[in-house]
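Chain IDs A, B, C, D and E follow the sequence of writing; residue 1 opens each chain.
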Amino acid sequence: MTLAFLAIAFVTVAAAAVAMALRNLIHSALLLVFNWAGIAAFYLWAGAEFVAFSQLMVYVGAVSMVVLFAVLLTQRSPQSFREQPDSISRVIGALLVGGAVLGVLFGAVLSSRLAPSAATATPTISVKELGSLLMGPHAAALLIVGVILTVTLIGAVIIASTDHAESGKDES
Amino acid sequence: MNLSVQYLWLIPALPLLAAGIGALTPRSGKAIAAGATIGAMGLAFVLSCGALVTALKDPAAHLVANFTWFELGHSAVRLGWLLDPLTALMCVMVTFVGLLIFIFSTGYMHEDANFTRFFCFLSLFAAAMLGILIANSLLLLFISWELVGLASYLLIGFWFHKPAAAAAAKKAFITTRIGDLGFLLGMLWLSDATGSLLFYDAGKGVLETSALTALVTQTTVGGLAVSTAIGLLLFCGAAGKSGQFPLHVWLPDAMEGPTPVSALIHAATMVAAGVFLIARVYPLMSADQAIATAPLHALSVVAAIGAITALLGAVIAVAQNDIKRILAFSTVSQLGYMMLALGVGSWVAAIFHLLTHAFFKALLFLAAGSVIHAAHHEQDIRQLGGLKGPLKVTFATFAIGMMALAGVPFVFSGFWSKEAILHAAHGWNVSHLPFYAGLVAVVLTAFYMTRLVAEAFFGQARSPASEHAHESPAVMTVPLVLLAICAVLLGFLGTPYWPWLQHTLDPKFHSEPGGGGLMVTSIVLVALGIGSGWAVYGRRLRAKASAPDPIEAKVPDLFAALAARLGFDELYAATVGRLNTFLADAADVFDRYIWDGAVRLLAGLGQFTGNVTRETDENLVNGGFDATSEQLKSTAKTYSRAQTGDTHGYLMLVALGFVLLVLAVMLGGTR
Amino acid sequence: MNAAFLATLSLELLPAQLRDMVTGWLPEPWRWLVNSILAIAVILASFGLLFAYLTLAERKILGRVQNRPGPNRTGYFGLLQPFADGVKALTKEDIVPRGADHLLHFLAPVALLAFSIMTFAVLPFGRNLVAVELDAGVLYFFAAGAATELAVFMAGWASHNKYSLLAAMRALAQLISYELPLLLSFVPVIMIAGSLSTQEIVHRQSGWMFGFVPQWHVLTPWGFAGFAIFMTAALAESNRSPFDLPEAESELIAGHLTEYSGFKYALFFMAEYFGMCALCGMAVTLFLGGWQAPLPFLEFIPSYVWFATKMLTLLLGFIWVRCTFPRLRIDQLTRFAWKFLVPLALINLGTTAFWSLTSGWTGGLQIARWLVAIALVVIPFQLIGRKLSAGLGPRTYRYA
Amino acid sequence: MLGTGLLKGLGVTAKNFVGSYHDPERYTTIEYPEVKPKLPEAYRNFPFLVTENAMDPMGTLRCVACQICEKECPPQCIYIEKSKDKKPDASGKMQIYPAIFDIDTSVCMSCQICVEVCPFDAIKMDQVFEIATTDRYDALLLRREQLAKPNSYYQSIHPTEAAEVDGRLAADRKAAEEKAKAAAAAKAAAAKAAAAAPAAEAPKTPPPAA
Amino acid sequence: MSLSPLQLCLLFSSALFCVGLIGALSRSNTILVLLGIELMLNAANINFIAFWRFGPAPAAGTGVVFVLFSIAVAAAEAAVGLALVIAVYRHQKNIRLQEANRLKG
């Protein structure tokens, strides 16, 4: 169990790190897609089946498309997919700040007394229960999210339109 | 069926509604626009008949319905409706003639692209005209009066792409505006003198005894009674609208508009508004008759102007070639007759002639329109000829109209109404000159109408347009026939033997005796006119379009002068126009150097004062504020430097802040 | 094998029993693993074979429709043709363009095939035959299907050829456009069945109306409409004619597949057929009652046979459609999706809601319910269809 | 209604599919190498030389090497060399014959002009189409021997045309024979007359040429 | 060292978060910055699932629902963000984030 988790975590973090370090934008994007798939695998591991498939569908199916379209639409020629190297000072600064945050977070997590949960039984949630939850206590939030998505769709199309309206209609 | 005075406003409101509908109808909605207009007019006609029934119950009464429009401090501006036989008869006439002309227009304007616009304007005009008729307030009358002017402007310039039409529209508008200035001044004076503009208001109206007495007793410059002065000013407006002598120049040019417009506005209704106005305020106009010592009676001026106009119009009409121009000058002449009648004290005869004239002149114009329509928009009578054959109905109706206008005895209405006027003029004790002018005009009228008919309908066709002439559709001929019937029958309402109309309009009317000899004289004169016209034009019919006119051959100078309308247009251009330019220049110079200098001087003074204040302000008062705001600004600038626009930087700061927060919580916080 | 074992051996349970025969002796964790591998192997083998013979059937049917015999030289009736094709594809030179992204160029067909095969996991092939019983099986199916778009993009981009890239973008536009009606068309099924599990959906379609009419979803007005929309969108999702714009050989030199040859091309080809099979299987599951028999007295035939029969029928329908209709233009294609299929699918949701709310109606009301539902399907179809084909009246081709 | 056209189209293809199994009218494919297509009579492809006798093709070529076809050939794919000697043709007349007659079929465009212009009916259009070879040069250059095909073959591929040609040739030959006979008769008469002439003149007059 | 699964998950999500943060801070390409932010969002989602799975009150299912909403909002954010990127590109012909600073003080 833990082994599987470690594998997933390692692969996912590694993919993310490499993606952030690569200079080829397309490779970065594809690696990130892989990373999202890894997160979906984590959800599966954690027993949140529905969330995992939603993650796959939304990120791997839709957001990745938007990202790739955006990448293609903002490059002048296929040769320029290679990014210019970023300034060293900023990279160092980023690493320092990121390392600080990482240290702080790790410190916080490790120092906290999060006892191994008493609930040994794996919690499960069926799709039906999830549906009742969404439609019951969280109905208002669901409606708001629907409105947000609609508005976003229209807004994205308007912002990006004139000639490239496709990029907006991907999140379904 | 009768219509109470409270609902009188429905009569103009219906055409106004139709105008709104017409304005909102798209161009393709010809049926909607025409249907709305004609339907509204038909309903208005029915309502007018109802109003007539109501009015005839007591011809002497002036039924009024007044209300307050708005209040201005202590005084209130009040408007109202007025219903008496004059209003009712005019309403019936206007709606009936208007209805027929609208029906005629559907045929005449059928090809026009702006059909709906035309009907919208027609409705607007009808609404405004009816508004004049029912007004019980000089102000309401004036508003409607100006609306009529607007509609007239729009309709004369309906074919605004023709430069002549645009110019004519402008000319008509400006010329009538000159008269309206007088009207406005008169109205303001009246309002100032009496404090009211209502005609009849339970004893407080301006046409009622108390106000009139007050007006007559006051005098103003030159010893004129105030009522005389106001009456003359109002007459200016009437003269402008009715095309009286000095302001008659716009009327012939207004014939540039579509023929139904000429018929409706510039023959039957609008030009009659001036006559109507004088008839309406007749008590005011005639008030000064009581003072025998007055240097000038308002009605004398009216009579003089009317006589001059009647003669002038008739003379000029002799030498015109355009069929509509001839009719236009004849209108001028006939309006002169009406003014003459008003001036000599017989407003009833004027209204009688107004009514008959409306019918037969509308008939003549519509028939002329039918001729023009048939002859492919050829208006020059020299180019026409021989239309008697193809246009049988038109010819018959035109002939009836012509005989009515010429005053052919006994059968035709024009004879009786003209007879009434001549009778009144004969009886005028001030002067007989108007009477003689009227007699000459009778001869000339008969003469030029004979000329017109002979040239246009007899002989052979003198141009391809008239050769291919064909009778107009029924929608145009049926109104002609109806008008022709009315043109004949209407005269019998006011014969000296059964003066129904006169009694209805003026219950105090009593016919003067001794009309017989006069009647014989006028019959002889009419015969003389027609005979001489036929002798000159009928016997030797014109063979070619380019052949000179017989009179032109005899006395070319006179004919040329007449054809040029006695040079009134040139005269105005040379005098009024030049004077206007000169005055404008003078005003400009005056303005630029004298007033401007004064103003600049003042401005300089003001500036100086301002400078002084400003210096004080800036240095003394503002100094403190300025320093404070400078401080604020610089502080803000310092802060805004933090807004580097560097997103990475913001993110980094957020992250660092987060780290610091967590560290603070972890190290120093209590858990 | 003893007699008792033989007695329990029925055709229905045959696959499971065979599996147990092979793996029954293994200890538990290993048994699970081997069982899974076995299931994967069986699926791969049977669908691989199906793929092979599907290509043959397609070529034969296409030939017959065009009055030719089709491939008939390799083996009896050309039965060995697929293997000959396979050998050809394997031995062909694998050309990778210079400047191409080698890794992605290789990964694209593999990823596509992998995602296509993944979709088979949740298809219930028989009463007890489903590789993975997932609570959100349908969602899984379409999540895996959505990932295929990524592979198409990879193929187009990795080829280092602007035409391939453009074609990949075009293909993406098509796939995304048709994903929407595809998803919307089966939402009614989920509304009615109340479950995302494929087995559960099939179970919901069991039972008989009047004793012999199966209660499949396709036999209701909304179900029929959903089925039609699903199949149309499935045609486009699997790049089948008349929506095969992404790989139009004659017009677009095979689109994003231009730079692929040999075995990689064969993989793409295979993935396309796998995707087609998976979508047909899903259509069978969602609308055609899954593995259920169409008539009560036919229930003795094992369930997986019924599933296979239905799926093959749909596949043959795909082939039939392919040999009949000409290819659409890209603008017609997207317009069809956005202006016709999506609105119809949305209206179908309303129809289904009506159906679900009126499930208690009986007798005369039942007839009214049917009539209203049919009207709700037919009238929008007519109206939107008329608008869709407005201005596109019968055309006469002067030079055709 | 939208969709009826689609159903109609499906119907058409279904009819074709079913029909191809039982309706030979629909199933028009010929499985070629096993079943040869039946060529229409008017089918023409590449010229060949007609010989009268299949046993002796080179000896009985109708061609007299007049070279008209060589001159007329638009792509100039015919090459002819006249023989130095003469051989008797089918009717026994002495004629020049082609020593070399080559047609380059890689150039020939089967326009049939050589056939049109030949005054001797010696070159006709063939019906061959399976002439693919592995050699681009020599195998496509057809020699006199490869081109010569007997008249019977001609009759088998273009029967109508061949019958007409044969009839014409036979008529010509008959006319020639009759003319020859008449000439012979005239000669005989002349000989008689000559014989009847005075003997002294006889040695001076050479015998008229045959 | 014995770490509870929950802590493991939290460490995993922290690592992912920091990778996203470093990416967002160090790259100048706006798309990559956006992707880094997506990554951070995902890390947050992992926390929700982790606490749902190993936390004290898993039965509520709130964590799962929250993640679903979060995914939906993230999708919207990605769409708008990338649309903005395209708009920026059209405006300044590149998508270097540090150059998009027209509104600075």
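The definition used in the following text is that a contact is a pair of C-beta atoms (placed from the backbone, for glycine too) under 8 Å apart; a residue touches a chain by one contact, two chains touch by 3 or more.
This one's a predicted model, so the numbers in the text were calculated from it and none came from an experiment.
**Q** Strictly by the touch rule at the top, which chains does subunit A share as contacts with subunit D?
**A** For subunit A paired with subunit D, the chains in contact with each are C, in label order.
**Q** Say we pretend subunit A isn't there, which chains still hang together?
**A** B, E | C, D
**Q** Which pair, B-E or A-E, has more C-beta contacts?
**A** A-E
**Q** When you take the mean of every protein CA atom shown, which chain's own CA mean is nearest to it?
**A** C
**Q** Give the label of the chain whose average Cα location is farthest from that of subunit C.
**A** Farthest chain from subunit C, going by C-alpha centroids: B.
**Q** Would you kindly tell me how far, in whole Å, the mean C-alpha position of subunit D lies from that of subunit B?
**A** 107
**Q** Quick one: report the Å distance separating subunit A from subunit B, using the average Cα coordinate of each chain.
**A** Roughly 81 Å, centre to centre.
**Q** Taking each chain's centre as the mean position of its Cα atoms, how many Å separate subunit C from subunit E?
**A** About 35 Å separates the centre of subunit C from that of subunit E.
**Q** Using mean C-alpha positions as chain centres, tell me how far subunit A is from subunit C in Å, no decimals.
**A** Here subunit A and subunit C have centroids separated by 29 Å.
**Q** Please output the residue numbers of subunit E that touch at least 2 other chains, ranges allowed.
**A** 21, 25, 28
**Q** Could you tell me which residues belong to subunit B and also touch two or more other chains?
**A** Subunit B, residues with two or more chain partners: 648, 652, 655.
**Q** Can you identify all of the chain pairs that touch?
**A** Touching chain pairs, listed by label, come out as A-B, A-C, A-E, B-E, C-D.
**Q** Considering the complex alone, what residue numbers of subunit B touch subunit A?
**A** Within the complex, subunit B touches subunit A at residues 648, 652, 655-656, 658-659, 662-663, 666.
**Q** Can you list the subunit C residues touching subunit D in their complex?
**A** 61, 64-69, 320-321, 323-325, 381-382, 385-386, 388-389
**Q** Show which residues of subunit D lie in contact with subunit C when the two form their complex.
**A** Touching subunit C from subunit D are residues 1-3, 6, 9-10, 12-14, 16-17, 19-21, 26-29, 31.
**Q** Across the complex, what residues on subunit E touch subunit B?
**A** Those residues of subunit E that touch subunit B are 21, 24-25, 28, 33, 97-98, 100-105.
**Q** Write out the stretch or stretches of subunit A touching subunit E in their complex.
**A** 2, 5-6, 9, 12-13, 16-17, 19-20, 25, 28-29, 32, 35-36, 39, 42-43, 46-48, 50-51, 54-55, 58-59, 62-63, 66-67, 69-71, 73-74, 83-84, 86-87, 90-91, 93-95, 97-99, 101-102, 105-106, 109-110, 112, 114-119, 122-123, 125, 129-130, 133-134, 138, 141-142, 145, 148-149, 152-153, 155-157, 159-160, 162, 164, 167-168, 170-171
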